[in-house]
Amino acid sequence: MKVGVVGASGYVGGELLRLLSTHPDVELNMVTSRTYAGEYVHRIHPSLKGFIDLTFSPLNIDKLTENDLVFTSVPHGKALEIVKRLYDAGVKVIDLSADYRLKNPKAYVEYYGYEHPYPEMLLKSVYGIPELHREEIRNARLISSPGCMAVTSLLGLAPLLKNNLVDTKHIIVDSKIGSSGAGGKPSASTHHAMRAGVIRPYKPVKHRHTAEIEQELSIIAKEDVKISMTPHAVDLVRGILCTNHTFLTKEVDIQQLWKIYRGMYKGEPFIRLIRDTKGIYKYPDPKFVVGSNFCDIGFDIDEKNNRLVALSASDNLMKGAAGSAIQCMNIVQGFNESNGLKYTPFTPV
Amino acid sequence: MKVGVVGASGYVGGELLRLLSTHPDVELNMVTSRTYAGEYVHRIHPSLKGFIDLTFSPLNIDKLTENDLVFTSVPHGKALEIVKRLYDAGVKVIDLSADYRLKNPKAYVEYYGYEHPYPEMLLKSVYGIPELHREEIRNARLISSPGCMAVTSLLGLAPLLKNNLVDTKHIIVDSKIGSSGAGGKPSASTHHAMRAGVIRPYKPVKHRHTAEIEQELSIIAKEDVKISMTPHAVDLVRGILCTNHTFLTKEVDIQQLWKIYRGMYKGEPFIRLIRDTKGIYKYPDPKFVVGSNFCDIGFDIDEKNNRLVALSASDNLMKGAAGSAIQCMNIVQGFNESNGLKYTPFTPV
Amino acid sequence: MKVGVVGASGYVGGELLRLLSTHPDVELNMVTSRTYAGEYVHRIHPSLKGFIDLTFSPLNIDKLTENDLVFTSVPHGKALEIVKRLYDAGVKVIDLSADYRLKNPKAYVEYYGYEHPYPEMLLKSVYGIPELHREEIRNARLISSPGCMAVTSLLGLAPLLKNNLVDTKHIIVDSKIGSSGAGGKPSASTHHAMRAGVIRPYKPVKHRHTAEIEQELSIIAKEDVKISMTPHAVDLVRGILCTNHTFLTKEVDIQQLWKIYRGMYKGEPFIRLIRDTKGIYKYPDPKFVVGSNFCDIGFDIDEKNNRLVALSASDNLMKGAAGSAIQCMNIVQGFNESNGLKYTPFTPV
Amino acid sequence: MKVGVVGASGYVGGELLRLLSTHPDVELNMVTSRTYAGEYVHRIHPSLKGFIDLTFSPLNIDKLTENDLVFTSVPHGKALEIVKRLYDAGVKVIDLSADYRLKNPKAYVEYYGYEHPYPEMLLKSVYGIPELHREEIRNARLISSPGCMAVTSLLGLAPLLKNNLVDTKHIIVDSKIGSSGAGGKPSASTHHAMRAGVIRPYKPVKHRHTAEIEQELSIIAKEDVKISMTPHAVDLVRGILCTNHTFLTKEVDIQQLWKIYRGMYKGEPFIRLIRDTKGIYKYPDPKFVVGSNFCDIGFDIDEKNNRLVALSASDNLMKGAAGSAIQCMNIVQGFNESNGLKYTPFTPV
């Protein structure tokens, strides 16, 4: 199968290339970059030297339609037209921007500051979390890959909402993320000297991923769920931890929680439940998923305050972006769902 | 004035030595360490080479009573006797362990696992946050320096509780802390290869500092306050950020919040309010207080969910430990409150 | 083929497990650890959760002889007996300690402080760098995997010595290495708070790997080569850079150097030559090999001082240890040399 | 005394402001920045909030001449005119660019790519290392502050050259530096995701600081000294280690080296000799000078190869830039040489 990648010079684009270059069912046919058209891929992604001999092409929709499937990995707002045109030309699209994630067109005005030009497309787009929408993904022509913090938080919270365990108006998602989550564009705030050693709250209220999480959890809970999200930049390159603070509406113990989480994620190839009572690795930590497509999930209960903390960790470029997208591609194409994703995370890194 | 430091080979001990070695009103007379008795201080704290010529002494209470004031910086449980004996001998004590922080003896059983041998002492001990207890500190003979996450969180939350602005049963303190917070004892979990790049939730519920925060906020709020605290180890050496998530019980806007925070902290030498509407430094970040005694505080409001996020950042070894202790010493001795603490934080570091 | 790993709880051991757990030709049969006997592997190596269901066994040589091949990954001195007994029992051994690396028994006294008990074994042992000894490895029964800095430096220097290009008495190897190179045992010097942000020269003269490098380069150069090595601990977990400073004895230009390096490494699956004249990735950097078995090599010439700088970068746990060992296993067993090692490095990490 | 700072929004500029804001003998009168004219200083240097109330001014030479002394901290090439005009107006200037460091005008063509417009000024400029040129500094009107790696390396090597101990044609300076050394301008190579975890050789031959080091050492050695320098970017923000590899021309032992180094640096307020035979801090490490004006120096001998390794560590923004400049100001103004520089480094950081 021929595959193209639009916006392949960014960090997410580079990760797609890493995964596609060794994927057994794929021919990587065309990779585009406005900025680096004409340059060899490994000049921008040096780790890929020896794996990809392509050069970046300029964006050319007509040529892209020669592919069976195209990944679009461009900034929000820039994917609107590209995706529409590829879709209309009959190419399957997996979009890694936010442009087709939300079902409610008004949310684009509120969170992204633009009027969505193709609101009818929003209902055709499938939100690309296999653990939540596997059957719809199988039949999709347009898949919208989730935000990195959104997918991580959602996988931690979904079983709780599905089982109506928690107060839907007091859910706090406190997330921590590495520097690759900011994208590759240099700026004063990403300069190493200013970014190293930070614990920087960068959008304490109204972060955009809030919209996706509320959308998906409201579907699952069958009621209007409110999410209070605060993301923080911390000093690592890859990785997200979502600390999902919830208040219980029912009494529940750890054994029941195991059952609830196992019930939802049994057989899932990329979910691991992490909860130990001894040793130093009792809870999920993104350190132990780096480079892999896992989302590690754990939990704990504070009986005194009726609080349940659900912890979820992922590699923001993998399960948080390129890995989820490849997983969706495998599903929509009928490949083995783990193909091209069998990367063991490694310790220490 | 003659000063002694018990437990001077740890990170907090070393920071006390750094501050005392250049303090204009103090003669550093005796520094003890069981492990390193006989060694020069700079062999353990190499940055202090040229500043302190002392060697570590073994613990000797009688000799310590020759000092006017003694700092005790030993692990929880180990300070109980040392503090009592020094106190009984008429020496002023500033204890940096948790052994004299809590007023309710039962809390020691619950949080620290021991029966407090001197419950009557708990009421004599003053909780060492100058911004909350300056007058009591002035007249104290025993000051119990607060936990690093406790003081940071308390300074962010106190004005809200004082003004009855927030729901006292749904306060989440999500804190992030550097590796020096774990103390200097080597272990598998502090090994650089395992500690670098982590976002490790290490005590998602029932962390010990919860007890102090609830104690102090309940006094301020004049009602029973519940704190839901989850600390995380992140990849830096010094620094704490507390993200204090609260839900508003009254409508309040940003201007009113400025007034409330300024009202409480006006004239405080070590509180800075940080909130900007442009630039990259809109909120507190421990990166910008490293090495100094500041606690930087900021806030934001999420009108949609009636949420208020109060952010507070400190250097865990300074305002979070040694700096607060020196500030208390200055108060109790009648020195200028900033003496020995005029360290500009520096950027970048 | 049945494989055992002795000393599997360390960092190198864990990396062997990562690679073996997905190796297509191997059945991982037995993993030993004194300290963690009885524990599940993933309790010590959390990233391997879901990949290995074994528990650690205590060391039992008899049981180990049921394997076709055993990796020994224990500290220097501890492998002497284990290797000998396995060898005598007819098991192929790949030893990752230094105990069988040096040909000259006297060097063990000088560099390791012990009298080698089996000097006759030293000549039977093959030094496990495929790029230098592939044919001998193919027929070996005992392979001694090289030191991490040794193999990295050797691969950078070998072509120069082979072509008699440089002054053999003024070779400086200035190496920089991450914290995983120190092994997993906690100590004051590996504590994150003391290890983060260092540039720590830790054995400016007489580092043990000097002996291996001199041994191998002297063979290649057919004369007595002197190496002046100074290693430094820097703030990363995985990775080595060797800056090999040499002085030219002949005039040579960059084109000739390309030819010389390509001549030696043509067809090598795990050597990449890195030298670009524009962009930001002009020379090797361990950042771009992390997780992979590559050794990236580059060079530059300083005509003014007749100096040639050869730069070589590897992941110390991969090409520097476990990766090289697996590559040797593939050769000695007649497997495809890249099997189990097809890990793309990833950027950024 | 009234002081101005030109180019005060960069990292070196910010460090000058930190030091000047608490200097007892100085009135900080004017700080300029083209980019940030009109902004409050603390918006760019957030750690200085509460210390400086000034806003940045645009560059105005006439206004700058109202100062007694001006620091110029602008990129190489940009200082040429500013310095000349201030000098001609009778203002004392301490220039932190390279524009007035080299005595030989031809070296500017070779290393900096420009023809120096005021070669006659080069002899009037004093190279600002107090340990080497204190008396000339005292009488200077133009002081050229040294390059960060140059001063660090020079302080390590000077005693050896002064005593004719080493082969002047085989001196290797292998230096490692943090990200603040690259200046504050964002770029692909300084982005945290690409800069974290690197060991990046960035100018293996012909680095510009070579010219300064050769100039100064040749004066000291009274012969033509050749320096082979290779700098590396490593993962820290502040700090330089220079590993100065030399070959001995005379036999010398450690005791004699102590004598030689003590002889040269006795009484120097900002030189510490670091060499211990036990413990974990045997040699200099920039970690232990961060925030201070110290240059820590150590050494070791490799008798086998007649090699002497001289290790020197500094904070690149302090002794490597702003700290040295302030020290020079103190000398030229007749202040106490340590005023405004009494910052204890702190551990851990």
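By written order: A, B, C and D. Residues from 1 in each chain.
Methods note: a contact is a pair of C-beta atoms (placed from the backbone, for glycine too) under 8 Å apart; a residue touches a chain by one contact, two chains touch by 3 or more.
Everything numeric in this text was worked out from a predicted model, so none of it was measured.
Note on interfaces C-D and A-C: more C-beta pairs are in contact across C-D.
Over half of the residue numbers at the interface between copies chain A and chain D are found on both sides, making the touching surfaces mostly the same. Chain centre most remote from that of chain B: C (centre = mean of CA atoms). Separating the centre of chain A from that of chain C, both taken as means of CA atoms, is a distance of 36 Å.
For this pair, chain A with chain D, the centres built from the Cα atoms lie 45 Å apart. Residue positions of chain C with contacts to 2 or more other chains are 11, 179-180, 187-188, 193-194, 196-197, 235-237, 285, 290, 347-349.
Those residues of chain D whose C-beta lies close enough to touch chain A in the complex are 11, 178-180, 182, 184, 186-188, 190-197, 235-237. Against chain D, the residues of chain B that register as touching in their complex are 11, 14-15, 18, 21-22, 43-51, 179-180, 237-238, 272, 274, 276, 278-279, 281, 285, 288-292, 294, 342-349. If you check the complex, the residues on chain A that touch chain B are 169-170, 172, 174, 176, 187-189, 193-194, 196-202, 204-206, 226-228, 230, 232, 234-237, 239-241, 243, 245, 247, 280, 282-287, 290, 300-302, 304-305, 307, 309, 311, 313, 347-349.
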